[in-house]
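Next come two complexes, and both contain subunit A; in the first it sits with subunit B, in the second with subunit C.
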Partner chain A sequence: MNVLSLLGRNLTQGPYTEPFPFGPAPTAKRFRGRVTFDAATCEGCKICERVCPAGAIRFSKAKDGLAFAVWHNSCVFCGNCEFHCPTGSVHQTTDWHLAHEQARKYAMVEFGLIPNQTCSECGATALATAPSLRGIAPPLSAEEAVTLKSLCPKCRARFLKARRAKP
Partner chain B sequence: MLLARNLKRIAARSPWLYRINSGSCNGCDVELATTACIPRYDVERLGCQYCGSPRHADIVLITGPLNRHVKDAVLRLWEEIPEPKVTVAVGVCPISGGIFRESYAVCAPVDQYLPVDVNVPGCPPRPQAIIEGVAKAIEIWRARL
Partner chain C sequence: MSTVPETYTIPVGPLHVALEEPMYFRIDVHGETVTHVDINAGHVHRGIEYLTTKRTMLQNVVLTERICSLCSNSHPETFAMAAEQIAGIAIPERAAMLRVVAAEVKRIASNLFNVALLAHLVGYETLFMHVMQVREIAQDIKETVFGNRMDLGAICIGGVRYDLDEETTGFLVAALDRLVPEIEAIVATYRTNGSILGRTRDVGVLTREQGLACGVVGPVARASGIAYDVRAVAPYAAYDRLPLEVHVLTDGDVWSRAMIRLAEALTAIDLIRACLRDLPDGPTRLAETPDIPPGRAIAKSEAPRGELIYYLKTNDNPQPERVKWRVPTFMNWDALRFMLADAKIADIAIIVNSIDPCVSCTER
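Now for the complex of A and B:
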């Protein structure tokens, strides 16, 4: 009976084998694959670099800012970076199509650059990182956030202090 | 004679796969076993099969960060595989050392000692990614014949 029902199921439902590579493969929604980086929202705190157990993430000083790089041939896809990132700037996508020829070994890198900017207050050159907005009460308005982002760290501190002092 | 020559051209070439564990944590080896033995993935649909002897092998899959202890054995085994062979590094361990990188006990990356053709990053890579890598390797192998 059991054999017959199995046979019947095989006939109606077809083979159990996934069609991949001749068709698409199902991927879990939260699959931890290729790492992406969004320089616009990054605070430059470098926590991701610190928590990466494989040393796959590197921040380095560049002429025009702070460069981010993650090498997918060292990354162990553990999810630490995304878990600890306060802003969600580093994110693991569901893309797992990472197999490549040897010639592309050192091209499996995701780059990002946090550019330098000129402070709109004092004119100093500083990184255009996203300001840390946690714990600021009352929350900044959209305009204030834009202003805060255009400042250097010293002027940001002064801006927030002045804001707190306001009645 | 003509028939023999044509047969050589027409016949689909089916490579043998061979697996070398160079000190892996077994994560990648389990995934390799999964791609071979579980009907859900079934790497044999690509016309290849695992074999037990390096002398029969055409495509060699290396896992693990090449531990100092097994380095010589792995290199000797690799030498025994006849040309033309295609080497696939499975997992980030053989590619860069992965989580074990810069340890005193490992000699990764493997491509310092032998030519690697295809890399399949992941820790471990999912079975479908390994199938993708094997498909790439078969292409390279057919071009080399």
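Now for the complex of A and C:
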């Protein structure tokens, strides 16, 4: 490689760098960026909290349910949470725009809440987690899924047992 | 009239403009010639070895990936190999191939990085920037296929975390096709360019005997005529069924080490292509995340810098009882005493760079 031909090539091709922030910076589809959480599909198994090496994910008991928090400034973007999550409720987006002012550093958190509900069967107060559907055969109908979700853990177990017993 | 003494001691490092890593050398010189070298380590100790015993096995796959940025894939891979050995697990064939793909992509980027730095230290900035730009192709592969420019997150205990689909395979193939002519042109430049040859030929020589005495590994060993490559002598993943070529040169100078790295980058491309050709369908990991029973194991792999060894001891806890690793730089920096003997002061940085030191994983 001749330096002159290299210079010529660079002159005709223009800069290799992206014009960001004056133009868009292309981001790969698989880029592992900011973590998001979807409370509606979460089973509340807390596997993500256990496997997170950075301690960025925290579940805590709240008055009205189970609170989820992921601290973006503690997160190391490893994707362990998403990889081990059985439902895909915790997910890494391609968003890497996480630069922020120092004053906002404690606001770089995503919160979520799995609310409490009153069991439609026994009236007990329990978390409205998404029921674990793996291994349930035959698969639940949409109606059954809604019913199952409205139950407390004990009534869910009873519901599934009764369903299995059905001929 | 005052006289300047002919013999004096100069400190090089731990923070030094020409050193990429924090190492401290106390160098006795006579005139411009090095007469004695003292290597002082421990400037970036972070206590990671201790930390691994406070983290679960699943967390440690991520933690070990962050010991070192350039060999970041080799650490979790070897850690997972040790864990799989304890549990008696064989990973699926597709996973074995995908592990090779991840490891070799890292090798291309790591080797090009070191060769680029050599140009920088020689003072040939145009070439430095050009090689870094070529390396950027490998960086794009990592970002597109794995989702991150350094930490691939490719490994899990029992297999791999990523898979190749049509789109990522297409990108990978196209990027490799672009890399080959670029790397071949870089090889030709390093073979013929006067500035490079003048500063690297017969500089920092390590003879085969000295290399064996120090137990050097990786490209440093192979540039001194020692044909030792873990991928060939103790194949893991899928290396025993791939066309692996072990490159050996005999001059043992800075130039030979750079040429070995470039040749291995090209071989890495051949290996990835062979994997893509033979990639079988099937699972990429075990169906269930395996539990690791109590036990002990040693695993080793060929990181871009050379042989990486992991010792893992587990007990009934989710955390390992002990994790210890021996990194290639630990063996190679000992050889600096031989390479730097009788060197010129101006060549110190070039010689130190030629072992591709990774102090962050050596001092963890």
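Note that in this section the second predicted complex is superposed on the first by the 154 of 167 C-alpha atoms of A that agree within 3 Å, B and C clash if a C-alpha of one lies under 4 Å from a C-alpha of the other, contacts with A are read in each partner's own complex, and residues count from 1 in each chain.
Operating definition for what follows: a residue touches a chain if its C-beta (ideal position, glycine included) is under 8 Å from a C-beta of that chain, and two chains touch if they have at least 3 such contacts.
This one's a predicted model, so the numbers in the text were calculated from it and none came from an experiment.
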- Determine, for the superposed arrangement built on subunit A, whether subunit B and subunit C clash or fit. fit
- Could you look at A:Y16 and tell me whether it touches subunit B, subunit C, both or neither (first, second, both, neither)? both
- Message: With both complexes superposed on chain A, which partner does A:H97 reach: first (subunit B), second (subunit C), both or neither?
- Response: first
- Task: Specify the angle subtended at the CA centre of subunit A by the CA centres of subunit B and subunit C, expressed in degrees to the nearest 10.
- Result: 50
- Query: Between subunit B (first) and subunit C (second), which, if any, makes contact with A:V76: first, second, both or neither?
  - Reply: both
- Task: Quick one: classify A:A25 as touching subunit B (first), subunit C (second), both or neither.
- Result: first
- Task: Go through the superposed model and pick first if A:P53 touches only subunit B, second if only subunit C, both, or neither.
- Result: both
- Task: Could you look at A:M108 and tell me whether it touches subunit B, subunit C, both or neither (first, second, both, neither)?
- Result: first
- Task: If you've got the overlay open, could you tell me the nearest Cα approach between subunit B and subunit C in whole angstrom?
- Result: 5
- Interface residues of subunit A shared between complexes with subunit B and subunit C: 16, 53, 76-78
- Contacting residues of subunit A [partner subunit B, same complex]: 15-18, 20-22, 25, 53-55, 71-78, 96-102, 105, 108
- Query: Where on subunit A is subunit C touching in the complex?
  - Reply: 1, 3, 6-7, 16, 28-32, 50-53, 76-80, 83-84, 92
- Considering the complex alone, what residue numbers of subunit C touch subunit A? 55-56, 58-63, 65-66, 126-127, 130, 133, 136, 143-148, 151, 153, 156, 161, 167-168, 185-186, 188-189, 289
- In the complex, subunit B residues that touch subunit A: 39-42, 45-46, 92, 95-99, 101-102, 111, 115-123, 125-126, 128-133, 135-136, 140
